[in-house]
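The two complexes that follow have subunit A in common; it is paired with subunit B in the first and with subunit C in the second.
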Partner chain A sequence: MKSKSYSLFLKDYHSELRTRYAINSLAMFIIVAISIIMFAVGQEKVSESLTGGLFWVVIFFTAMSGLSRAFVSEEERGTALTLQLLSAPSTVFSGKLIFNIILVFCMNTIIALLYSALFETFIIRNFSLFILSFVLGNLGLAISSTIIAAIIAKAGAKGTLYPVLSFPILLPLILTSVQLTLFALDGTSIEQAKYELAIVVSYDVIMLTVSYLLFDFIWKD
Partner chain B sequence: MAGIAFPIVENPHAWYEFPFIPGLEENAKIIFFHVPTAWLTVVAFLVSTVYSFKYLRKKNLDDDAKAYSSAQLGMVFCVLATVTGAVWAKFAWGSFWSWDPRQTSIFALLLIYGALFALRSSIESEDKRATLSAVYSLIAFVTVPFFIFIMPRIMKGLHPGSADDTNAGPVVNFKMNSSMLLIFFLSLIGFTILYFWMWRLSYKSIIYRDKLDKKLIRG
Partner chain C sequence: MSNYTVEAKEVTKTFGRRLIFEGISFYYKEKGIFGVSGPNGSGKSTLVKIIAGLLSPSKGKIIHKNQSKKIVAEKLHNHIGFVSPYLVLYEEFSARENLNYFARIRGVKFEKERVEQLLEHFLLFNRKDDLLKTYSSGMKQRMKFIFALMHNPELLILDEPTSNLDIEGKNSTYEIIKEEGKKNIVIVASNEKTDLDLCSDVIHLDKYKN
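For the complex of A and B:
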């Protein structure tokens, strides 16, 4: 099963490299979103707590613009049925999840680098806490957006419905991640942030379990 | 009332005793509407999730009708709880909205209900609509504990039972006298009965309408 989901991931990876649709649109979206924020800010000095929040604004909207591709592209190309015949639902979900996790990590690393280059107040004082919350937050973001993408692909309206459905599901994760990013910018120790970290870990575990349990119902027509 | 009760009860004046809750004064009376509506928002969501789960197991469209009508009522009560809460907040805390953890969670519930209806209206096929909305409401349901139980205890808030609350615990147990408690629980029970009655009417009308439609199509 492991190798099957890996080969499914490879398939997505190769078809992505052929067109570079998701990568290009995500990269452009990041630049557009950050430049809008830069223009809106203008000459004002952005406070530290505001950059932490704005960081997650860009992450959320970038994720919403690109992560639904994983399943929507299968429906568009009409390959969903073939995939249903070839492999078990959990295999499909794992393959898509690996692809989205890698996409989210690339995307958020770029956003973090751009933020620390462009905003003077975005200085990470506790690096290990930032990395920890970054990894956990990205995993949660990838898991939730993959399962919602599967729902969206089966439903009719694809574009606008995606952020509408994802936002309430992602809200606990985003609220805690904003808090954790602020802690990392302030230089709070990991010991003091342990409750927030516990929330994010439990969110990841719960969403992963629920996604695997419910994906069968979405995938089988 | 007192005239009739006087011979039977020892102290009928206790019936009229209706002291203000300290710190809330006359504003406190809205509690008899606000708490039941907030409670029913959660109950309706729970009922909707239970029937969504039932639908996924048995694939019976009647269960979907029950889940859907419960979600509709939940949306109504959610709006009522938000509005009564905002009005109360204006007089008790000074502003209509202040992103207190419980206000954030009722807002998230409002968004979840809204997203559920948006999802339902986007799908034509009956079975697909029922399945996908059932799956979505189950996914949304697992995030509810984060809002209701975890957030208020971690973030600082204004509602009773928050992380920095020194009064320890809900208003209900500590600061109401017996006649207030009686009205409070009567209101809670009354609203709950009202919900179940409306829910029954609503899902029955949906089920009958579907049956009638199928009859008309078959001729």
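For the complex of A and C:
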């Protein structure tokens, strides 16, 4: 199944390079969102806690603008049926998940780099904790966004439904990730952040398991 | 000749309160060409989607067996070739790229010889490197046949197979249907008399609405 999912990821990757379905909207959203925050802040000095919170606000809304494409583009173009005839539901989900994980990591790395360059209070004092929370948070975001994208792809008002449905599901992840980012900014040790890390790990495992269990039903009818 | 069987047991489909059809049963074994007919909206496409495992029946079941062993739903796609007007291939890729990805995603070897033979048969060999978005509707329809046949399926399901095709395209389609019907099961859903004339047995869906 691994190589089939990887082939599906490659298909999506090449398709994305040709159609620019998600990349353009993600890139534009990152630039616009950070610019608006910069204009709103002006000459004010932003506190560390606010920077950490705003960092995840940008990540959340950027994810909402681009991650649904994995399934929405298949439904809109009518190619979902082709995929159903080509592979098992678990293969489709794995392929789309790989694509979204890579997209989330690229997108959030750019956001983190821009934040570090543009906000002087965004100074990471515990780099290992930041990387750990960044990786776990991104995985959770990619998993949840992928399964929610599969659900909303068959609905009418996709654009509105995606953030509405995502918000309650992503809330525990976002809140914990904001807390972990703040810990990384103020230099808290990994040992002291172990409960928050455990929450994010549990969230990722639960969402991954539930997604694989549910995907068959979502994908078929 | 394949050892494939497909059996429908009292299959019923409703969408909400609307009954599409009820109590359809059949048993197709090894080879042959079978038809599904009925007026527009009678549920031809719904029935073939249920047979292909793309939709669940409201009641009853479809059992696919190969070498007397029941095929699980997750592996059914490897045994089925499906052509329909609502099937869309990836227009941003060329025919060759599409077929290459299909083989890889399916987890089978890309059989270059077989694919080239099909491209030749459906008169697309010279356009194999062109993007699908530059194809005419008839060429896209022929491409769907290659998609359906490239993995040598034991069950070929054709929903309105000759739509969008010119005389030449129709003739090569009939040739393929006859050829496949000699070794595999072919199910044709259509209203066209010429399509249904190829079938040894036809299910008339208007008889299954109470």
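Quick notes on this structure:
Everything that follows uses one rule, which is that the second predicted complex is superposed on the first by the 221 of 221 C-alpha atoms of A that agree within 3 Å, B and C clash if a C-alpha of one lies under 4 Å from a C-alpha of the other, contacts with A are read in each partner's own complex, and residues count from 1 in each chain.
Methods note: a residue touches a chain if its C-beta (ideal position, glycine included) is under 8 Å from a C-beta of that chain, and two chains touch if they have at least 3 such contacts.
These numbers were taken from a predicted model, which means no experiment stands behind them.
By the document's definition of touching, neither partner reaches A:106: not subunit B, not subunit C. In the superposed pair of complexes, A:11 makes contact with subunit C only, with no contact to subunit B. Residue contacts after overlaying the shared chain place A:155 against subunit B, while subunit C stays out of touching range. Of the two partner chains placed by the overlay, only subunit B lies in contact with A:196; subunit C stays clear of it. When the two structures are aligned on the shared chain, A:28 is found in touch with neither subunit B nor subunit C.
In the superposition on chain A, A:86 makes contact with subunit C only, not with subunit B. In the superposed model, A:207 lies in contact with subunit B only, and not with subunit C.
In the superposed model, A:172 lies in contact with subunit B only, and not with subunit C. Common to the subunit B-facing and subunit C-facing surfaces of subunit A are residues 221. Those residues of subunit A that touch subunit B in the complex are listed here as 147-148, 151, 154-157, 161, 164-165, 167-169, 171-172, 175, 195-196, 199, 203, 206-207, 210-211, 214, 217-218, 221.
The touching residues of subunit A, counted against subunit C in their complex, run 1, 3-4, 7-8, 10-11, 14-15, 18-19, 77-79, 81-91, 95, 220-221. Against subunit A, the residues of subunit C that register as touching in their complex are 52, 54-56, 74-75, 77, 80, 82, 84, 86-93, 97, 101-102, 104-107, 147. Of all residues in subunit B, only 56, 104, 108, 111-112, 114-115, 118-119, 122-124, 128, 131-132, 134-136, 138-140, 142-143, 146-147, 150-151, 154 touch subunit A in the complex they form.
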